[in-house]
Each structure stands twice: as structure tokens, then as C-alpha cells.
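Pasting the structures in now, so scroll down.
Two complexes, one shared chain (subunit A), two partners (subunit B, subunit C).
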Partner chain A sequence: MKKYLIILLTLSTLLIGQNPDDFILSGKKKIHSALEHWNEQEMMNARAHFERGLHLNDKEWLFRYYIAYCNDQLVHYYQSKGDKKTALTYLNDGIKQLNEVIKLNKDFADGYGLLSSMYGEKMGIQPWTGIMFGSRSSTLIRKAIQLEPNNPRLYMIQGTSAMFTPEKWGGSKEEAKELYLKAAELFKTDNPPPLMPHYGKSDIYAWLGQLEVKLGHPDEAKMYYEKALEIDPNNNWVKKQLLPRIK
Partner chain B sequence: MKTIFSIFVSISIILGQHSMSITGKILDDNGDGLAYVNVYFMDTLEGAMTDEKGLFSISTSTTGLRILRISHIGFEQKDLEITVNSTIGKLSIVMEKSYMEMDPVSVSAGSFTMADEEGQTLTSLDVVTTAGAAADIFRAIQTFPGVNQVDEGAGMYVRGGDVSETSVILDQATISHPYKYESDTGGYFGMISPWLLSGTYFSSGGFSAKYGNVLSGVLAMESLDLPARSSVTIGAGLAAISAGGAWLIQPEKLGVQFSGNYSDTQYLFKVNGGEDRFEKVPISWDGNLSAVWKYSSLGQVKLFYYRNVDEIGVRVESPTYDGTMLNNNHSRLGNIQWKNLFSHGLFIKSSLSLNQFGQRVTLGNLSKDLDDSLLKWRTDLSVSMGTKIKLNAGFIADELITVLSAVYPEDQNNLHPDAETIEYKVDYHTRHYGFYGESEMSLSPKLFVIAGLRGDILESPNQQYYDPRISLNYRLSDAQFLKAATGIYHQYPNAQYRDEWAGNPELKAMNAVHYILGYEYKSELTDFKAEIYQKNYSHLVLEDQVENFTNDGEGYAYGADFFLKGTLPIISGWVSYSYLQSKRKELDHLALVPTNYDINHNLTAALKTQLGVMNNLSLTYRYTTGKPYTPALNDWNSARLPAMQRLDLSFSRLFPIGQNGLLVIYASVSNLLDRTNIYGYIYSPDYSERTELKSTHGRNVYFGFNLNL
Partner chain C sequence: MNKKIGLILFISGIFGATGSMNGIVRDEITHQPLAGVNVIIRGTDLGAATDNEGIFRIYDVPVGSYNIHVSMIGYEPISRANVHVVPQRNTVVNFDLHQQVLQGEGVEVTATFFEKTKDAITSSRTVDIEEIRSDPVGAYDIMSMMQALPSVISGSDQTNEIIVRGGAPGENLFVMDFLEIPYPNHYPEQGKGGGPITMVDTEFIERIDFYAGAFPARYGEKLSSVMDVTLREGNKEKHQMQSDLNMAGFGLTLEGPLTEKSSYLYSMKRSFMDFVISSTGLQAIPKYWSSQGKISYTISPTQKLNVNFIGGVDEINIEGENNPQLRGAENVDFLSRQATLGLTYKNLFSKRGYFITSLGQSWVNLNTDVYEMDDQLERDFYYRQNDLENDLSFRSEVVYKISDILEFNTGLTAKYLNLDYDNWFEDRPIELFGYSLSTNEIPELISSEEFYATYFDNPNTIATPLDTIGVLDTLKNKSVLDYQKYGGFFHFNLTPVSFLEISLGGRYDYVTFTEEGSFSPRLGLKWRLSPVLNFNLAAGRYFQPPFNIYLNSVRGTPENLKNYYADQIVGGIEYFPEADTRITLEYYVKEYADMVTFEMLEGSNGKDSLNWYNVINGGEGRSKGIEFFVQKKYSRNWYGSFSWSHSVSEGVDPRTNEYYPWNYDYRNVINLVGGYKIRYTEFEWYDNYKNSIIAKALSWLPFMPSDEYEISVKYRYMGGRPYTPKQYDHMTRSWYVNAEDPWNTERYEPYMRFDIMIQQRFNFKRMNLVTFWDIINVVNRKNPWDYVLLDDGTKQMSWQYTTMPIGGMILEF
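This part shows the complex of A and B:
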């Protein structure tokens, strides 16, 4: 009888291909690999992977979250290429996905966090939208922190917002640094369940480095970048873009 | 044992099968291969993404009838039923650009949509940062093409139509008297502040079958939904103080918002001069209360209550009489609205509203005492049939009661208290029913059509009208659209013309036929629109010696509207120009002559510049041809007033306070060039003497602040 059950299980796995959890994990691997040696097509592929899983209903919010996360990476890429139009297309789609995410799972702090960050990026591309999305962005991140006060990614997002917001609008580099350091501290003990987002462990030092560059401290920046590479030697962003800019 | 055996057999069949490759190419509508398109089977997670040439290959081991989904951002998602077997050939699939990406703003000719979303034409913020608009929706819309400014008021004269021919709607409720300090040409301000609104739709013609009993234009507003947080707002300016707040009782469920304004213009006139023009300077107060209850994620109930009282006493000099026109208005609107989205995509919204208006006017031998009340029930339904067709339908039942008692001068130019007068009493009561059905169809990715039919039934006198309407939108390219609209429109004459005693109860509805042709270029930073139109009127109300009024009036309007909105690195804003020819045989104009609001050229530039992040400087310039006036008896509108020009400037600075708070301080100079514009003449009965009606303000300043915490 046991045998019979095992056979049935094998059979169902064969039919579905993979179970949803494995499917998410393999998608996360795709994202990681696309980031490691930045590759547009691979990131698109990771996005497509999660889109295929959307109809696995009970995890729809998580699939949408990862679609938005891929979008976010693509937005950075298109922006760096100067292709604002495509960047905006993926940004707007990401915002749409995340608004669904927080409807489907009201307690998912990383969902609120990424949404806040994407609104921030939108304000960066279209500054006149600031007055509309500024307060929405800050409301979202505060809601996220309320849900998970020890989630380091949220302080990283808040810090980035503080760094890029003009001082007249309440931005502050000092505050950004405080938030980044808090995030860095929390990352040391951050250990989310495997299906959940866990990015940022080495990126936080990339952000600290960029902040130091803005503050005119290239040596400190370099130190942070090296720290980032210490944690993740394959951090392509730091290795190929940020660090070479200082040298 | 037998079952287990058969399972084994089937497993071995599955395992033994060779996995098959489904290959194909995805193309865009130009026939080019589309990269990064997601192609996958719905029942499994098997799928692939196209390469740079649009080619894909999926290996699958499941045969039979299956659903293949093809999806890509910016394109219509496709689900194809295919039979997977060994003979399946190479697939070739063309994707269509997603029409959902089309902005609602470009859907129909003659319309603008305003909401707090990017890509729209006018936001609440645009309204309050437009110089000369005095934070008023109507005044901001006057800077759009197709709306003619006939005086210093906020009156919405749309494409050669009278101010009474624009319907103003809030959350499905009709506001029959939408102006503050109501006058014959509209009023000085719109009733509803932009801060109470979440979105606004304005159409200058060719609008859909949803809107009835209106000849020229529609302004449909949506009030605020649930507040995002509790907050307090206070503001004070030279002529007004205001306070308001939002109380979020239960997040995402229940919230209340309220506001109150008190306006007393005595200091405004003390600072700027001109106090001597008033016996009583304009004073008004208004209060608003709204509550939103979201009982589920798909449904809500909203209560909206609004009350306004205003009073003004203007000194009037005329050849026959120097005196004061005292005007006192009060109005209220109560509305309860229910909205719910049901399964299968059926959306229903329904509202029950009561709008009451009272007005007392006295001037010389003239006096007028009006009470109007409109009780209305309106329900709208919409349902999407697949992704390409949406059906809308609705019905309206309303009851209008108008009680007017007035004493008018027998000769309209002789206001002397001793001059002959006519007494005039109206007590009019009628019910009206309306219904409509329309279909929004995406006939191809490039062609979008709205076709509808509307019916209106008036109870007394019994009359029925059926108005077919259609509008087309053809996408020429990503950024270019061609639009066309036509339709029949009806509007019942004002109650006073239909009254049994003073009017003619047999009067039929006035009729207009709209023809509109337009072009739009819309990119992220630029929006250019050009439209030409023709409107033919029949059954207009005409004075008659025997029957008081008949339907023998007629007329036409034609013209062209141009609109350019753009954003440059330092300057943003819009420029609009309207050309108009409007002639009517109507009321006491017994021949086809230019209308009182036949403004041939209307040019407006509303520009804004940001000085740093926190400072906003804006400027509005207007030039309009003078409106026609009657220089001699029965020589209607044969002369023109001088052209009007006006330059307004405003400055605002924002101070963020804490995480959510915002302090705005502002200052403005209206009529910077200090031009004295003439808006009309008052003649003596024999047209031998006249006095000018001039702008009430020369150059004048205003300042204040608004604090939101």
C-alpha cells in the first residue's frame, strides 16, 4: 500500500512537473543566477518562470512578489541603459503586481517594502509624481516595519529613500546612514524561511558604499564595497559597477 | 492488485513516452519576432520563453487537448487550445498590443479625465496650482479648450452652449445649481472644492449615453474614498478660513471626512480696493461631511452631505436706477451611494440623492424668490464580457419641484422701483425617467468603439426621446489616435418655461446633434489634441406673444479646439486655443444671431515652473474675443465688446512637516496687468444711454496658507 502511495505521489509530481515550493525555489535560483553575472534574458526567464506559477492559487501573492522583484531588477537595468520607457513599463507592472500582493496577503511585510521602493523609483524617473506617491511610499514602508520590525530589507529601503529624497523634502544622508547601519546589523541574524525573500545581505554594504561616495568619503566607500564582496564574492553590481567607479 | 497493475501500466506508458517538443514563433503585429515572451501550458508548469528572434521550444510529455498561454507585458494575453500529438507542426502566433494600456483619457472624443494618477490631463494638484483658478475646478477647466469664458465668473460655457447646458454630477447625484454666488452667467466659483474629490471627468461633447437631459457638456466628479490615515487640515487666507479632518476609524473599513469653510471678503477688498462696489461684500460658508464604509473588499457605502450659504450685495449703476443687487443663496446636497463588485465582473453602483437650492434676489423693481429641489435615484451597471467587450446599462428616476415667485421689470432695461413690472409665479412639478444601454468594444487592437442608446421619459407633459450615440477611437500608432463621435442630445427647458401659467406646458425638449472629429498625439511628456466639431440645435425655446414660449428656436455652433500639454525640464503646463462660431434664434432673439456667449477666439496658456523642489510659480494668460451685445432695439448682438485679456500669477511653497505633514503657503496676484475688462453694458429703455459693467477687480493680491498634519 505504501508503495502504491509513493507511486501516486511520483505520478502527480510528474504531471505537475514540480511541487509549488520546489518551483519557487528553482525560480529563486534563476533570479540569483541572473544577478550573479547580470543577464537580461535570464532575468526575463526567471520572471516568466514565476508567471507560469501564478495559477497555483494558494501562493499567488508570492509568485506576484517575485515577478515584481524581477521587474525591479529589469527597471534598474533599463534605466542604466537610458531606456526610460521600458523601465517605466516594468515599473508600472511591478507596482500593479505588488498592489495585488498586499491585497492577497495583508501581513507580507516584504511586499509593502518593495512596493514602497518601487514608488520611490517612479518618483525618481518622474519627479512630478512625488507629491502623489511620496506619502504613499512612506506610509507603506512604515506599515511594513510595523509588521516586521526586525526585517533588515525594510530599513535598507527606508535608508535608500532617505538618501535619494532631497533634504528639503525631509531626506537626510545622516538618517540614511543610521538606517543602513541598523539594516546591516539586522542582516547578521536575518534568516528568513527558504521561500521568502532573503536578498540584501551583501547589497546593504553596496548602499553604504554609495552613501559614503555621496558624502565624499571614497575610502570608506571602498571598505564597504570590499565588505560586500566578502559576503558575496559574486555580487556583480559591486564588482562590475560600483567598485570600478572609485578606482 | 489489478488496480495497482493498471497504474503501473499507465505509468510505464507515460514514462515510456518520448517527450515531445512544441516549437513555434511569436510575432508582433508588424510580423517581427517578439523576444522574451512567456509561453506555457496551463495545466502543468511546462513552458519556455522566446529568444531574441521570437522562437520558442517547449518539451512536454502530456498529449491531448491543452491550453497554451502566451503572455508578455504590453500585449494582450492569449490562451490557445491546442491538441498536442506527434503530428503537431510549428506554431506561429501573432500577439496584439494590449488595448488595456490605452489611457481612459483617449477613449472618447471631446473628453478629459482627471484623477490623481499619472498620465491624466488635470489633477487636483493642477487645479490648485493653476494661477487665476483660485483653487476652483470650474475655473481650472475654463483653461481647457472648448470652454469659453464670458466674464470673470466660473460659468462653464461649452462649445457655444449656454451655461445651463452643462450637467454637473457628483457620485451619480446631479447638482442642479453647482455655483457659489449664482448668477445668470453661472456663478463666481464652483460649489465643490478640489480637495473633496478623487477624480473628475469632463466632456465638451460627444459624450456617451450615460448622460442625459443635457445638450453641451458634462462634468462628473467622484468624491474622496476612504482616507489613508487620520489627519487634520487648517487653512487661512485673506478672505477665508477653513478647517477639516479625516478620521480613519477602522483601517481599510471605515472612515469619516469633514471640512468647513468660512469666507468673508471684506479684508480682501480693504487690501485691494473696490470695497465701494459692494453694499455687502461677498460672504459665504460651507460645510461637508462624508463617511465611507467598506463592508467587504468588493463593496462600499458612501454618505455625502454638503451645505452652502452665500450672500452678496453689489452696487449697480444703470441709466434708470442706481441701487444694490442683493443676492442670497443656499443649497444642500445629500447623497447615499452604494457600490459593489459581484462575481462574474458585474459592477453595480446606485445612489439616492436630494439637492435643494434656494435663491433670493432683489434689485430695483426686480425680485426673485426661487426654490428648487431635485430628488434622484440612479443605478449604473457594468459587466465585462471577456476582455474585449464591456456592457454598461443604467436607469434614472428623478422628481423636480420648482417654486418661483418673481417680479420682473416689464422693460428689462428699466429697473427703476416705480417702473412697470410683471408678476411671475411658477409652481412646477414633474417626474423624469431615463435609461441607457451601451457597449464598449475593442473591435481590434486598434479600433475601440462605444455605441449606446438612451431613452428619456418626462411624465408631465408626457414626452419620450431616444438618443443613439456612438464614438470611435482608432489607434494610428503607439502615440497617435483618431477619434470621432456623433449622437443626439436632448435637454428639457428650464421649469419656468414649462410652467402652465407663465410658460408653455407643451414645450418639447431642446435638441442638439453633435459631430466631432479629433486627432490626438500622446506620449509620456506631451499631449496634443485637435478637434473640429459641428452642433446643430433645434426646438430651442423662443418667446412668443400668444403662447409665451414655443419650440421654434434653432441654431448651430461649429469650431475647432486645440490643446497642448507638455513637460519641459523647467516648465510644464498647457496651452489651449478655441475657435467658435455660435448662432441661435432663441428666447427674445427672434432671428438667427450670434449668441451672448459667441466667443470667437479663446486663447489660454497655463504655465508652471518649479523653482527648486519646493517652490512652484505659475502663470495663466488669457485672451478672449469680446462677447456680442445689443446696441439698439431689436438689433440683437450686432456689436462686440472689446477683447478681454488677463494675466494671473501665483506662487506657492511647500514645507514638509514630519513624516506626513505638509504646510503650503501661497500668494497670488490676479489681473497683474491691471486691465479693466468690460463684460457688458446696461442700456436705458430707448438705448440712448448706457453704463459699463466692468471687472470687479483691478490688480489684486491674495495670500494664505494650508496646513495638513
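This part shows the complex of A and C:
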């Protein structure tokens, strides 16, 4: 990992007018602000930011990763608006970016993890693709955990997969809860380098809350949502969408 | 890439001069603004995403020229080359994105530099202002620029009017901001719209969609080509001024905001050849003014209103007969005034489509006086013309995207025309000449043999009129015609599978005066053999009403004239080996029928075979050819294009029913255009040089370095143009075509011309200076224009442009 960070730093110093760390950090700030405001335009601006970086250095896997991450958020946005077609467009592009990411950096666990998650979302929108992508999604998340067994985001992704996969195809809400709780525990000590992905600390409780809703436990769900807001009071996903649903 | 970025940072560090860039990005079909489109200035980390109104703004862009990359998920990315950012000014660049056909994981679509021409399947080209600016010699004249295409030729150096695939000059449609402009040229050709110099100010142009044939059904009434010009809007943020000066004239362009919702753009130009060269002895000096304006008003985010005006006043006075440079011209005073004023309203009434409508009024007034000087040096007029044409035109169109695979487009046109021709012609009496070699001899009528043996080309020959045959025949023609034209069309674009695009349309046009209606079916197919290779096929029947000069003619029965037509079929391949390179190979056939001609004189064995008093639909002809075109855009310091076409354009001689070559049947045409740009600002020494006394004193020289230095070349070859040899009658001292002689049996020598243009750009803190030097016909090739037939029976060749340097400059502030 360090090796790649050094390469990233060197290339970006040469290629980008501003400090490369600042370039990525300012992009991450844009993502954070977009999520806080749950704003489509801001999310697109954040995506555009990393795409500009990619035009300066198309071998830079971290730019691709964050483009895919923005895509993933836009997928959630469009799905919440019922626009599956646009969501699918961003999904396909995200999958394409992430496949490049894991080609460029075979040790980047978050890349495998997000790719697995996006395949899962694709199967959610187009269930018939399950035959093609089901096992690939499982393989990817296993590979990610093998690389970074203490990365909480990977367990969160695995838990979400378990929650949404029908039981007849191996899904299990109990297993999902187990994985979410493990992720929540790991998040307490999670401290990735500033340029690396660090999302999920608050979201894990949002997922736990959703799981409790599915299990028919609204009080527990509410407790988790409040916990999520305790960590990040600006988590609009929880504040404006999830919590109002159970009130 | 490292080097490039480093240099860009270096440049901005040294000079610190910056400009800005903004624009709007729309869906190509629905014209809806696209939010979230990523606009990137290549080679920098500058860029922006568009907002909900499709607008992007990029500030503090170091001065220079850039490639702009535009992309959005679900749309085909595009790039635009050589976009200039200049100090203290805002550069506006708008883009239309085409929805991606090939979607899905693993599909990589490379950004092309070739923007799609609206609804075109074949034979089309889209150019932007930066390309026009860079074009050698064609610079600042869009008609001239189009001549680099394999389908397009011109009659001569002296006219920029285009002739497309064997068509007549009056077969080209000119549309500007959805307004049809019947007279877009200075010195307009009556009733046809052609003319040698374009009036449109190139600084107004945002893009041009040019169709060399088989164009979609939205365009009617013309059958050879369409030039659809989109004008930019004036600067909405600050007032700007630009002045330019070159050998052809000088001009001033003003633009800026009017109110919060509106902007203006205005220019005025005047030729000044008359000031510069009137002392050189040239006897035909054109003098013309032009003025153009546009006001844009944004009514709401979905509604817009544009007011456009374009007009010109042209004068030419030709004095002195028999000067070879004047093609045997008489004494002619010519004055024309032409203008179009129009309103265009656009409404994005749905997320899936838009409505656009325009109302335009055009006028042209042509005055010509032809005279001889009599013995008292008084003008003896024998032809006077005062013709007026009015054209009120309404056009309306709806574009709607029914689904991702089906687009629909329909519209109506209506035109009210008033033609008021007032001509007076006093035929010259035909005189019979007798010959002598001195004033002491009595002039005598002689035989042809004797004339050539003794008197021809003899400086002592004296020709004396001995008798007059025929009588003075004075014709007064006052001809007024009011008539209307109505039209309607539909057009479908269907993409049933990702690799196939089908275009199907038809239009109906009706002329009230002739009570003639015609239906034109049109079909196009685009087969995507791979992401970089297309097979294209387009066909249709294209109608054109007879020219106004025929409809309002007193000759024959013009109300019986039919619309003439050409059946066209074009097929070819289009290949993109690189994002900035396009290769096309096309084959076309155009079959003309019902062309308006003059009736043949029956049993004629005299000096003419045409009955000039009766127009009929008697012409047939055909044009076919193969065209090869390679174009590389200005993406990496250089650009170039090469075209070759081989064509045959011929008509049917009604006397023999055999084909004869048409006047512009050049057969082989080759064009080579290329340019290279040096950015001296990238060299470390340049900054010191720029501030030195040497630079200040000598920068105006064409070979001295500048911030951006561009050298371009253009080479053109055309096969020999056909002509019909004329016979000389020494008895009447006049030339004629023998009624039984075949037409266009001879050809002039082939045409070849090589031009060089040097353009220097200097960026200063508060203004920019662009100087250019053109050297036309560098090797001084003598290209024939036409024979001047003198009344003594000799003939001299009139040549096209010989070597001629042209200089000019543009000041932006």
C-alpha cells in the first residue's frame, strides 16, 4: 500500500497543478458535502473533479475508485427517485472503473469490496444478471477480506449482500446482523490514511437499523439510526429518509 | 504529459494572464440542458461540471489554446480542438452531446473530435469557429473554407460561391439561426442567392453544419447543398470590442449584455479596396458595406427569442471595354442592397423535445446600368435594370424524442414572395463592317479568307461600319409577380439495434404560381460495423422550384414550369483511425430531370441554337463521382486534410440526345490543407525576448516569433474546365457559337494553386493582437479564367489570381 501511495504522490506532484494530496482531499470533501446535502449536482461535481484527475493520469487507480464511489452514491440517489435507467448507467460505469482499479492495484481491498457491492446492486435492479454476477460478487468480497481482514467496510458490504440476497440463494438476515456488528466493532478502531476511503462509520448503524426494520424491530432500528446520527449528525440519509419512515 | 503540464504551469507562472471559459451543454436531439456534464481543459487540472441549466464556468484559465474534453455518463464523449483563451476575455464554447448507443459494461467509447452533423447520414461536415479561424486563405470566409471538401468546387478565384457535386450555384440553401437567408452574399445573383463574397461575419459563428448532398427532409426547395449556420450569442457579462483590418476591408464588432436576460452582438464592415488600389489603374473596384446584428433574449429557462439582422450594400463600377482583366466588360454601374431581418423563438416544451419557429423578411434591390460613351463623352445607356424581390418567410418545427430508439421531427414552411422586375433594353444595331488598311482606301466588304489573309491581327487594319442590319429593338419589361410557396415535412430517426440507424423522411412543397406540388422521399441508413467504422447510405428525390428569374420571366409561359429535381444516392464508409482523424470514401450519383432551360430553335443552322424567348423544363443531366477525404483535427499542434474526387457532370444535348460536359465538369479535384502551430511561450527564452527591444521593433515581420505562431498551407488542383469555342464573324465583328457545334468540347489548362498563410498571435495584458499574412498562388501559376474575345477577332486569356500577398490584423479588447 505504501508503495502505491508514494507512486501516487510522485505522479500527481508532476501532473497536477495543486498539491496532489490536496486534489484528492478536496475531492473527498466534495463527496462528503454532496452526501450531507444529498445533492445530485454536488455529487456530479465531485465525480467531475476525479474525472479531471483521471485525464491527467489515467493509471491512477484512486481517481477511478472515487469516480466509482460517486457513481455508487448517484445510483442510490436515482434509485430513491425511481429512475432505474439512469441508476443502471452509473452502475455500469462504476463497474467498469472498478475493474480497471483492481487491474491497476491488485492489493486494493476497498476496490474489490465496492466492485462486489456494485455487482450486488446491479443484480438488485436486474435480477436475471444474478447468474452472471452472483458468484463473481462473492469471490470479490472474499478476496477483499483476504487482503484486509480488519477493514470494516468489507463486512458492511458483505452484510448488505446477506441481507438482500433471498434465503433460497444463500441470504441470511442473521448472518447479515453478525457481519454488521463485526463491522461496527472494527469501525471503532478504523483509521485509514487520509487519502484512502474512510466511509461507513455512521452508515453501518443505518444498515443495522434497516435490518432491524426488516426483522420487525422498529425500536432497535430507531436506536441504531440515532446512534448513526450521534456519530454524524449531518447524515441526511438517516435523518431525512430512514428515521422518518419509522416515526 | 508531464512535460506538457509542467510547461502549462510554467506559462501561467510567467505571464499570469488568464481568461475564462463558459458555455452550455445540451442533448443533441432534445436540446435539453444536461446537468453534471464534465468539461475538462485537457492538459490542466481545470474543469467544471455543468449545473442544472447545463451551464459550466471555468475561471482563471491561463492564456493559450486548448483541447476541451466533454463527457457524461450515457452520452458519447466529445473533444474540441484548439479553443483559444485570451486575456481578460471570456471564451464561449457550447456542446451538443449525442446519447450513447453502445452502452454497458466493457464498452469503451473514445472521445471523438468530430461532432455529429444534425440528422446527417452522409456527405456532411461540422466546423466550429476555431477551425474557420485557422483555415489558410479560407480564413474569414466560410464558403471558401468549404472548398476543402471533396464535393465542393468554385467557379473561379474571384468568386467564393460554391458548386456542389455538379449542381448549379443557386442550388445551395443557406440557413442562419433557423432563418432562411435568400441573399447571404455580396453582389447577389438575381433570383438564385449566389454571389462572390459572403456577408456573414465569421466572428458571429458558433458552428456550421454543411451537407453536400442527400440531406434530411427538414431542408427543402434546394437540391445540392445546405449550409446551416448557428450563431453565438453576445457576451452576457461584459462589453467587448474587436476590430479587424485586412486587404479586403475593415470592421468593428461590439458585444455585451443589454439587460440581465439579454445580450447583443453587432458588427459593421466596409471594404476598402477602393481606397487602397484606386490609383493602380484597376478599373473595376468593388465597394461594399455589411452589417450584422443579433439580440438574444432569454424569456425563461425554457424559452428564448433571437432577433437577427444581416444586410449589405454593394457597388461596382466597371469602366473601359475590352480590357482582358475585365473579361470584355462593358461600362457597367452596379448597385445592390440586400437584407434579412428575422425573429426566432424556441421553446423547450418538454424534457423530450422542443419547438422552434421563425419569421423573416428579406429584401434585395438590384440596379444595373450598362452604357457606352458616345462621341460627346455622354453616357449612352442601352440596358437598365431595377429589380426588387421581397420574401416573407415563416418556418416552424417540432423535434420530439418518442423513445430512446425513435425520434420524430416535423415542420411547416410558408413563403410570400413579391417580385418586381423593371428592365429596359435597347438592342444595339448589328453593323456590317468594311475593311481597309489606310484612311485613303475605301473600306469594302470582304470574304473571310481575305480577312484572315490581310486584315487579321494587322495593326493597320481599319474597320468601318458600312451598313446596319436589323432595327433597334427596345424592350421594356415591367414584370410583377406575387406568389407563395408552402411546404411540410416529417422525419423519423430509428435506432432499432445499437449498430443500425435508420432515417426516413419526406417533404411536400407547393408553388402557387405554377400550381405545382412535389413530394420528396428521403431515406438514410447508418450501419456501425465497429465503434470506429460505419457504412452509410442515403437516397432521395430532391425538388427545387424554378429560380425567380424564370418564374417572373416574360419569356414563354412560366406558369407552366414544373419543379425540377434530382434523384440522389450516396453510399460510403466512414472510418475513425484516431479520435482526431476521420477518413471517408463516398460514391454518389445524381440524376437531374425537368431542368429549366431555353427551348431549342427548330431546324436552326445559324449562329444560335437556343430560343431565348421561351423557358421550358427541357434539361436533363447527371453527375456522379467518387470522393476520398482524410481529415485530422487540430489536436496536437497540427492539422491537415486531403481530399480527392473524381467526378463526371454532364447534361443531355437536346439536339443529339447525347451527353456533353457541364461547365464545371473538372473531373479530378485534389485539395491539401495543413497547418502547424508553435507556442513560443513554451520556450524559456521567449519571455526575455518578448520584452526586448528587438521584439518590440520587429514582431510585425511574418517570420518573427509570437506567443502563438501558426503556419498553414493549401494546395488545390482541378482538371481543365470545359468551354465551347466560339467563331468570329468579321462582317459584324462579333463572336458566336455555331448552332450545330457540340457544346463544351474544349478544356482549359488544369488549375493549380498553392497558398501559404502565417498567423501570429500576441497576448497583452489588456488586449490581443492577431496578425496574418496570406500569400496567394505562391508559385505564380497562370490559371486560365476565360478567353476575352475582342472585336478584332483576336482573343486573350484572362488569368485567375496571380501571386498576391494579403495582410491583416485583428485587435481584441
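Going forward, the second predicted complex is superposed on the first by the 225 of 247 C-alpha atoms of A that agree within 3 Å, B and C clash if a C-alpha of one lies under 4 Å from a C-alpha of the other, contacts with A are read in each partner's own complex, and residues count from 1 in each chain.
Definition applied: a residue touches a chain if its C-beta (ideal position, glycine included) is under 8 Å from a C-beta of that chain, and two chains touch if they have at least 3 such contacts.
What you see is a predicted model, and the numbers here were worked out from it, not measured in a lab.
Contacts of A:P166 after superposition on the shared chain: subunit B is touched, whereas subunit C is not.
Touching more residues of subunit A than its counterpart among subunit B and subunit C is B.
Using the contact criterion defined above for the overlaid structures, shared-chain residue A:Q126 touches subunit B, although it does not reach subunit C. With both structures placed on the common chain, the touch criterion links A:I95 to subunit C but leaves subunit B unconnected. By the document's definition of touching, of the two partners only subunit B reaches A:R142; subunit C does not.
Of the two partner chains placed by the overlay, subunit B and subunit C both lie in contact with A:A48.
In the superposition on chain A, contact of A:N39 is made with neither subunit B nor subunit C. Residues 14-18, 23, 41, 44-45, 47-48, 51-53, 55, 89-90, 93 of subunit A touch subunit B in one complex and subunit C in the other. Contacts from subunit A toward subunit B in the complex involve residues 4, 7-8, 10-11, 14-18, 23, 41, 44-45, 47-49, 51-53, 55, 84-85, 88-90, 93, 103, 126, 128-129, 131-132, 135-136, 138-139, 142, 166, 168-170. For subunit B in complex with subunit A, the touching residues are 4, 7-8, 11, 14-15, 36, 38, 40, 42, 44-49, 51-52, 61-62, 71, 73-74, 116-118, 123, 125, 228-229, 297, 524, 567, 572, 612-614, 656, 659-660. Per the touch definition, subunit A reaches subunit C in the complex via residues 14-18, 23, 40-41, 44-45, 47-48, 51-53, 55-57, 71, 86, 89-90, 92-93, 95-96, 99. Contact residues of subunit C toward subunit A in the complex are 1-2, 5-6, 9, 35-36, 38-40, 42-49, 51-52, 69, 71, 73-74, 103-106, 108.
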